[in-house]
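Next come the structures, one after another.
Both complexes shown next keep chain A, but they swap its partner, so chain B is in the first and chain C is in the second.
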Partner chain A sequence: MIDTVQRSASRLPVVVAVGMTPFAAHHADKNARDLTTDAVLACMQDAGLENLNQVEHGITSYESDHFNRQMTMGAILHDQVGMIPKPNLRVEGGGATGALALRTARAYLLSGMCDSVLVYGCELNGRSVSSQTANQLFALSADVDWEVMLGGTYTGFYAAMMRAHMEQYGTKAEQFAHVAVRNRRNAARNPLAQKPLELTIDEVLNSRMIADPYRLLDCSLLSDGAAAILLSTRDWAEAHSERFAQRPPIHFSASGCGTDTMRLGDRFPNITNFAAKKYAAEKAYEQLGITEPKRAIDLAECYDSYSGAELQSMEDLGFAKRGQGGPAIAAGEFDADGILPVNPSGGLLGRGAPVGATGIAQAIEICLQLWGEAGERQVYGAQRGLTDTHAGIGSICVVNVWEQRD
Partner chain B sequence: MIDTVQRSASRLPVVVAVGMTPFAAHHADKNARDLTTDAVLACMQDAGLENLNQVEHGITSYESDHFNRQMTMGAILHDQVGMIPKPNLRVEGGGATGALALRTARAYLLSGMCDSVLVYGCELNGRSVSSQTANQLFALSADVDWEVMLGGTYTGFYAAMMRAHMEQYGTKAEQFAHVAVRNRRNAARNPLAQKPLELTIDEVLNSRMIADPYRLLDCSLLSDGAAAILLSTRDWAEAHSERFAQRPPIHFSASGCGTDTMRLGDRFPNITNFAAKKYAAEKAYEQLGITEPKRAIDLAECYDSYSGAELQSMEDLGFAKRGQGGPAIAAGEFDADGILPVNPSGGLLGRGAPVGATGIAQAIEICLQLWGEAGERQVYGAQRGLTDTHAGIGSICVVNVWEQRD
Partner chain C sequence: MLYGKSIKTLIDHERNRLPEEHPWSDFIEQITVSFALQQEYRHSLGRYSRFFCELANGRFFATRCPKCDRVYAPPRTLCLDCQSIPDWVELSGKGTVKTFSVLHFNAGIGADVKSIHGPIFLVYVLLDGGHTLFPHLLRCAAERLAIGLRVKPQYVSGPVSHPLHLMYFVPEDEVL
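And now, the complex of A and B:
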């Protein structure tokens, strides 16, 4: 495999502009089309574009037809945002959908098949659009033939993984409760976040038990929302967006992806961590020659679908040694004022997670931070940020790296 | 936009191997996993690979969660075919899904992000896996908010387009009935085809009226099936597959994609043809410097979801002048012994159409023809073949071009 960064530096994608809606449990009177339009209009405004006539390609990101009771919604959204007759495709990979859409935009740009791509994602997970609730539909993202029939749910699988981590490494509930507290506190400084909360560790530890060891406040949110990023070659950005020249340029400099079995049982006895995430991170780090990720990465948005999932991910991403995620988190290493701020946006726990928009929103947070436009939650001096996004319990993991460099 | 062929000839994807299942209304005791496995095993056998350890990336192609009552099925299929921990994503775009998956594999290969990609697609459309029939579910691929509520169906929209074509250009039912007869006759020489039939024009014209002007025998099939293609750089193919060197090399040399509104009413009064297909074809031809497609293309697999859709497509692809598709078809220009054989496989009418596999199966037919391995239906002397695949009534259109050259 060729080192893409070396080979085609001039085609390396840059971020032209970003836009997103507030994330919320429910946007009254807004469906997937409306939310997508809002996010894309915000992105166009950010880029200083009056229309999308010059943008060459669209990539649509959403998780499931079930949430909208609509097939081929990519064609509808592509029309809605004004991109006809330009090419379109939809990318999907469960929770990793948004990050895979960005990764695929990266492939199209590096390939030379186009010079600009608008990636837009949305989901209506906070409310039901069919006769079934979002939770019932999410059950279908576990293996229907082999797990769901036995009553398996993702909360249960995540809980089993964390229980194994506790037993193998002595990880404590107070340690992952720290994530539940910190990310919701971070969300309080994010005006688009769904559920900012000021909590104590004790409040998390005393909240209702859902699936041992996870309690109510360890669990992330179901959200409605949309997000969009315009990526292009540097030449295209300079030619089409005056705004681009006014900000430090951000390059989408590396992307790794790895996979694992959907069924937890198939991974036994190695169930304390996300093997596919480690694989994805290693691939991304290789592309940049990174050997000490904790030093090399300045901030990260991580997939805290459950508080402990962030703890496990710190190890898989190389931010803590295997088994040492708990102490590192409890010591505040990943807090807003820590050595490597994680989830300054509030993460899935505090900002929210409309699936098809989540990975895109993570990248938007990194961009705002690297541009110095993150307001009250600004992390100072950051030049390289990472997004970590996964499907299911890590069946598909994507690690994307974004760098501010000239 | 850079001419990708000129820029990176050494990365231009080649076809390593192909594999597919028979297409059928129903495969007893085979679900999407089984069919996908069968297709991938056939592809591995074709490549002479014992396993997929060396293959770097997987791309999954299927249309809807509704057909399987399973979300993120890409993760399951990727595991099923033995590709963990390699990267995976799912691509979707209605009827164009398989062609978009191949197009996306092309982007990943040209980008340098990987050197080999297995594209595998499947669908269970021939039978129902939920409480609703496939036809009821397909209704959800029209615009649910604006069309389906009014009773709109795709057969009706296709019929309205063809009726407009007849009125504007004097096209006759006998002319598109020729497609219904020819493609099913071609299917009789394809051992994997779903519904070979020896028919007469009169039999088509006297079959039951479905939506004027379309009769039962003008309509294509609902199918179960799977198909897989292994694409790579030429270097990878030469290093990993002995079989590759034994065949004339086939390059995936161009790809165009265009889009149009999902709703027919939004295109009024221009409803006789597929504007997005014309756009997609022009983009593909530009990449190869083709100005006379009827001379430059030796054979094609076209999206004959209805007999008249092939007639309209002949015009949009530049194989007939606007309005002259009918006479060209009736004159036999696109028959097996014509100037430009179309749908030698039998097409959607005769071979069948399991959506996520359809675009891949079209490309497989082109490969078999260019390799000289198409048996009884061999088109002699062909060096350049085209696949034409679309979603809905042409909301997303993809034109991929495959060439045999050293």
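And now, the complex of A and C:
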């Protein structure tokens, strides 16, 4: 693959500014347009921009037409925030939507098509529909004729994958329960998080069984929320945002993407892990010459849609050896005070997961950490952060790397 | 929900929360409305259809790539590895459970599953002669469910809402 980063170093995207709303089960007083407005205004304020007139492109990140009971939300939200007549693209990639939108913006900037892109994402996965309806709508993103008709939903598919991991590697429920405890504890230090909780491993292990081996507290949240990031070339940032020069510059320095089969069974015998995530991570690491990711990455926001999914991801991202994710997690290696803090924001389990905004919120957390603006949850000395998202049970995986460098 | 002369809003709650100088303090009335959609889809099972036709005959079919010999169940209609058009091949339908989950909730999608009461055993079966895992429901005593369990298909004469339910798995040694 051509190393676009080296070929066009001056076009390597930087983060101009970020903004997001609190994530919550329900924003009774706001709809998708209001939430997106708030995230974009927060981003403009962060950049010190009075308006969006100089921003050249908008990318809308949202997953579900069903949840929002509205199609063409890309155009509607673009219209709402006043970006017409600038070009717009809606990006959808399941759970990877936000990260895929950022990756797309990166490609647009590297290509020279434009010098600035506002990426904004929103989702109403909270209480605008019943949880029964929510389950059905999410199930439609699985293979309807072969899996959904069996009563299978994503909780079940993730559970079957984790069961295989437990069988093959001896992984224990208390090891992934550690993730459920830690991420919700981390959320207590994030003022925008949906569900900060102080829990014990026993409380997780005694919560209601949903899909064996996953219990209620192993499962992430349904959320409403929005998030926005303004990306640009360094020249554009310096010319348009006074704020940019006041903080250490963050470069969107690498991005990898990988895919896998829709159905778990089609991956046999590789059913314990996210092969596409390993592929995506290796592509991103190659771009930066990273050979020891656990040492090279200072912090990561990972896709803990289920507690065990984070455990599996630690292995696929190269933060733990295959089959050793459980012991590494239980030893606290990825805790806030560990070797490589994972999900300091609280992750999907604690911060929340409005799908179109999730991947963007992950990147925002990394930026705040690299700028040294993460308050109580600051990871000191962080210079390189990674975001990890996936769709389905890893059918599309996107790994993005962000660096503070001059 | 119907609306007439008076509309209940969240205004009082919001007034308590927003200070006067808040940029949105003139936008505090909030109304929630209901919107129901009912959709019924009629879609083709396309090139998979033969699998379901054969289930009705009590026979289990998979597809096999003529070039790399990989056998797909559920059938794939294009080889994942070499883009060859596969052939149909009959399997016994017997196999081994490779992983599973016990679903303690019923998402209620499709009449066939909606009517099941109690936990659902979702199993992924490596069929004898197959190379992928076939997902389906297993009906057996809870204590028998385990990775490694040998299973066989039990064909159903119907009527069912989705032809996938013209079968389910039972333990191979179970006499019905």
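Going forward, the second predicted complex is superposed on the first by the 402 of 406 C-alpha atoms of A that agree within 3 Å, B and C clash if a C-alpha of one lies under 4 Å from a C-alpha of the other, contacts with A are read in each partner's own complex, and residues count from 1 in each chain.
Note that in this section contacts are C-beta pairs under 8 Å (C-beta built on N, C-alpha and C of every residue); 3 or more make two chains touch, one makes a residue touch a chain.
Being a predicted model, the structure only gives us computed values, none of them experimental.
By the touch criterion defined above, A:373 lies against neither chain B nor chain C after alignment on the C-alpha atoms of chain A.
By the touch criterion stated above, A:151 is placed in contact with chain C alone, chain B being left untouched.
By the document's definition of touching, of the two partners only chain B reaches A:85; chain C does not.
Contacts of A:202 after superposition: neither chain B nor chain C is touched. Applying the stated contact rule after C-alpha superposition, one finds that A:235 touches neither chain B nor chain C. Using the contact criterion defined above for the overlaid structures, shared-chain residue A:261 touches chain B and also reaches chain C. In the superposition on chain A, contact is made by A:65 with chain B only, not with chain C.
Once the two complexes are overlaid on chain A, the chain A residues touched by chain B in the first and by chain C in the second are 69, 145, 261, 266. Residues 10, 14, 28, 30, 32, 35, 37, 45, 48, 72, 74, 76, 80, 98-110, 112-113, 116, 120, 122, 124, 126, 131-137, 147, 162, 164-165 of chain C touch chain A in their complex. Of all residues in chain B, those touching chain A in their complex are 1-4, 7-8, 31, 56, 58, 63-66, 68-72, 74-76, 78-79, 83-94, 100, 103-104, 106-115, 137-138, 140-141, 143-145, 255-262, 266, 275-276, 279-280, 391-392, 395-396. Within the complex, the chain A residues that touch chain C are 28-29, 69, 132, 135-136, 139, 145-153, 155-157, 159-161, 163-164, 167, 208-213, 261, 263-268, 271.
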